[in-house]
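Shared between the two complexes below is subunit A, which has subunit B as its partner in the first and subunit C in the second.
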Partner chain A sequence: MKKEDTVKLISAEGFEFVIHKDAAMVSQTIRNMLTSPGGFAETEHGEVTFPEISTTILEKICKYFYWNLQFASGKQTEFHIEPELVLELMMAANYLHT
Partner chain B sequence: MSGQKKRNFQIEAFKHRVVVDPKYAEKTWKILEHAIHEIYNHNASGLSFEELYRNAYNMVLHKFGEKLYSGLVTTMTHHLKEISKSIEAAQGELFLEELNRKWAEHNKALQMIRDILMYMDRTFIPSTHKTPVHELGLNLWRDVVIHASKTRSRLLDTLLELVHRERSGEVINRGLMRNIIKMLMDLGSTVYQDDFEKHFLDVSADFYRCESQEFIESCDCGNYLKKAERRLTEEMERVSHYLDARSEAKITNVVEKEMIESHINRLVHMESSGLVNMFVDDKYDDLGRMYSLFRRVQNGLVIVRDVMTAYIRDTGKQLITDPERLRDPVDFVQRLLDLKDKYDKVISLAFNNDKTFQNALNSSFEYFINLNARSPEFISLFVDDKLRKGLRGVSEEDVEVVLDKVMMLFRYLQEKDVFEKYYKQHLAKRLLSGKTVSDDAERSLIVKLKTECGYQFTSKLEGMFTDMKTSQDTMHGFYSTVGPLLGDSPMLTVQVLTTGSWPTQPSATCNLPAEILWVCEKFKSYYLGTHTGRRLSWQTNMGTADLKATFGKGQKHELNVSTYQMCVLMLFNNTDRLTYKEIEQATEIPAIDLKRCLQSLACVKGKNVLRKEPMSKDIAEEDAFFFNDKFTSKFIKVKIGTVVAQRESEPENLETRQRVEEDRKPQIEAAIVRIMKSRRVLDHNNIVAEVTKQLQGRFLPNPVVIKKRIESLIEREFLERDKTDRKLYSPLLFSNMAFKAGNEILEETKQIF
Partner chain C sequence: MYIRVKRSKTTYFIQCEPTETSLDIKQKLHDLIDRPVNDQRLILVSSGEVLEDSKALADQKLIWIYLTLALGQPDKKILRFPPDDNEFEEVNIVRPDDFYPSRDADAGSW
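What follows is the complex of A and B.
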């Protein structure tokens, strides 16, 4: 993975997830962060901190990003969500415009 | 979380976090306001997108959307006012550049602001029906910057000034121009139209009105068109370079209207360079230009077409009524063909093969060709000339080309039956004298006529070919059975012609020399022996003969002469001097033919086998003729005045006319009866119309003649008038209606020695 193809997502607890930009851009919000003109900090450093998203949720989100890419390319599998994560995950989804 | 799942749930806003800080909203807005300032000041690199987004997100969630939105409007308006000031301050040339630069900056800033306020754009704005951020940014730019009182008019003036400078040949910064125009279009099509396009079109109209006035005073038509064309392409280029594509139709319309439409009549009729002169001088480029330009204008082509039609009709009429031209039919038809070729070329090269122009051309030809009643005769003469000699040694394809052209002229003829009459006569002469260049060409033309006019039209012509063939067989039979009995009497070739198929000429027989008469009798008895119930009569006026003659110093010549001439010359076997009267008595050749024949024997230089007293060009009844002992010629074979198709003299012409009229009567009657049979009852005007329709493939019947035919049919009780309405006719006596076609087959013969 080349550095410029990836993005680092940092959770509230400081865990870092390095994923492909393509995957991250499943989120419209992250897409805007990475592509907005004028050079915001995130665009320049290639990392985004989410102080309001916990590690567990962020991990699930990253998994979802990759699942979504596969789903879009025709691989129809199920995405399993633990019931206890549902509420928080939904709030995050609203925030990330996913 | 996926799109589908989300649709089923309505995400309720985050409720569990309660805002304690009453100044929360104010504080958060401050952060965002600062960020917007920074963005406008190109200082955004230090900002965290996530933080700003989160703040805006939270504000909306906590029902401070309204505050966020109004704050945005105020802040942005503030910045735009400053920008507007700096643009107004820009001097001269820099104005547009400054405007362009600021616009680019504003766009970029707007993009960033929209991105961080995305959540508001997504949820708050649709639910409160406010203007989305991007559109808001554009609207504010329009209202604050572009519509600032000074900038608005200055912008328009600058743009128009630049366009004007480009039109006068200067080079301007098209990139800048394009960006500014693009800005106006981005602000909405109404902004582009109201703030630029409308004025642009007005100014252009003024500009081209003046310019075209100036050009038309100073240029000839060709040059004017060149200039107009260049202006038109320039405007189209301008549109493609920096204007809205939708403006193209509008601006070209302006140019067309000012440069072409307003001057169209003057251009077409321009003295010494207008349309007619272009035709005369074969200026295909100019004509093509005129066509493509005038096509853009309503009625433009109609004017061109009308002028062309009028001009062709005029030249055609001059040509066709010029007595000078009528003297030589071949040249006359060639001129017609040349004229047609010329305009065909114009239409294909310059007028894009426009169907309407072709139709106009055809109708013009149809108009003037039929002005001269002798056109059918001349066209037939032209064919005759071509098939006799004109096409000798020409390749088959070229023959076809010539024949096709002839057919084209034929199509224009209204009196196709007159053509048929002449064609038949000429074909007969060609066939009988064996002068036709190629049988294939003859047949090909007949096939063409057949496809054009149907079987009926050519059946007699085809019959003539069949007769020629049968006659050959008959002659074979004659010589193989009777041949030995004939000894060394003259060779006889007879062509047996079917009456009806061949143009019947009043058979003026003459007294044949005894030797020949004897052979003829032999043939007659042979023929009647094999074919019973037929009648033979000799057509001496159409034959030819080869004579062997010995002159004074013993020089021998073979003379190729007509049958009449042969009869005359044979008289000189016994005597040296004969008067006109004596010849007439001995041969009984009709006076006109005899004079003609003597003239060709005695008065043509190099072919004067007879000598006349007194020497003069015309034959008088008192003249005396001598055998010309001193006759010499370079050639052994001498051809003397053969039967050449010539244009008819006036009385002959009248006679043919009469015959044609006579032939038309049964055709018209047949048509009337056909129509009445199918329609049962019809009034007079409708009959005339129907008859004309049925017969127009052959000729144009005269209504008066039709009326006479109807009357004659009533007299003969084929039709009757309606008892109540005198204008209505109805048919009677169907069983009696078979028309006699005069089909008794009479065999008429004609000899060739």
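What follows is the complex of A and C.
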């Protein structure tokens, strides 16, 4: 895994999640940020800050990205979501187009 | 499978195969953080066990690992290998809850 292949997602509290670009691009919004031309700061540093998304939610989202990749390769498992996270998670998913 | 390696406020999600060893993980971390393999120490979150380089990931159901780095200047020329136990930093994981109270805490006020 090369550093250039990863992207750093930063939560509202400043926690950092370093994940593979393939995983991050499960989100259409992040994909657009990373691939759009014009030299956005996001594209250059591979860092995306989400001031709206709390750490707990962002971590869940990262887990989902990886789960989604595994699922795409044909392995079917359940993705557990705590009921108390559902609302915030849906808002984040809506924002991220995931 | 993937594992999550946590240090301080940062979590690394690392894609790996069950056949890979702790050393392979350290190699991957080396690519990300520019610290040599010998400076790294992986600790199993559930048991606090320090992972040896030769151990395959499949041997234990590890998903959640803490990373500690050897203390001292990264550019220090002479570093003993492997560093002593006390040359590693303490596991210091900041939890979001420490300074970000959960929503339930103020639920009563509505």
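Following the convention adopted for this analysis, the second predicted complex is superposed on the first by the 98 of 98 C-alpha atoms of A that agree within 3 Å, B and C clash if a C-alpha of one lies under 4 Å from a C-alpha of the other, contacts with A are read in each partner's own complex, and residues count from 1 in each chain.
The working rule: a contact is a pair of C-beta atoms (placed from the backbone, for glycine too) under 8 Å apart; a residue touches a chain by one contact, two chains touch by 3 or more.
In this text, all values refer to a predicted model and were calculated from it rather than measured experimentally.
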item: Overlay on subunit A: subunit C relative to subunit B, clash or fit; value: fit
item: First (subunit B), second (subunit C), both or neither touched by A:S36; value: first
item: First, second, both or neither for A:F50, with subunit B first and subunit C second; value: first
item: Arrangement angle, subunit B at one end, subunit C at the other, subunit A at the vertex (C-alpha, nearest 10°); value: 120
item: Between subunit B and subunit C, more extensive residue contact with subunit A; value: B
item: First, second, both or neither for A:G14, with subunit B first and subunit C second; value: second
item: Subunit C versus subunit B - closest C-alpha approach in the superposed model, Å; value: 13
item: Residues of subunit B that touch subunit A when the two form their complex; value: 1-2, 6, 9, 11, 14, 39, 42, 44-50, 53-54, 57, 108-109, 111-112, 115-116, 118-119, 122
item: Residues of subunit C that touch subunit A when the two form their complex; value: 1-2, 9-15, 28, 31-32, 94, 96, 99-100, 103-104
item: Touching residues (chain side subunit A, partner subunit B) in the complex; value: 28-29, 32-33, 36-44, 48-52, 64, 68, 71, 79, 81, 89-91, 93-95, 97-98
item: Touching residues (chain side subunit A, partner subunit C) in the complex; value: 1-3, 6, 11, 13-20, 23, 54-56, 59, 62, 66, 70, 84
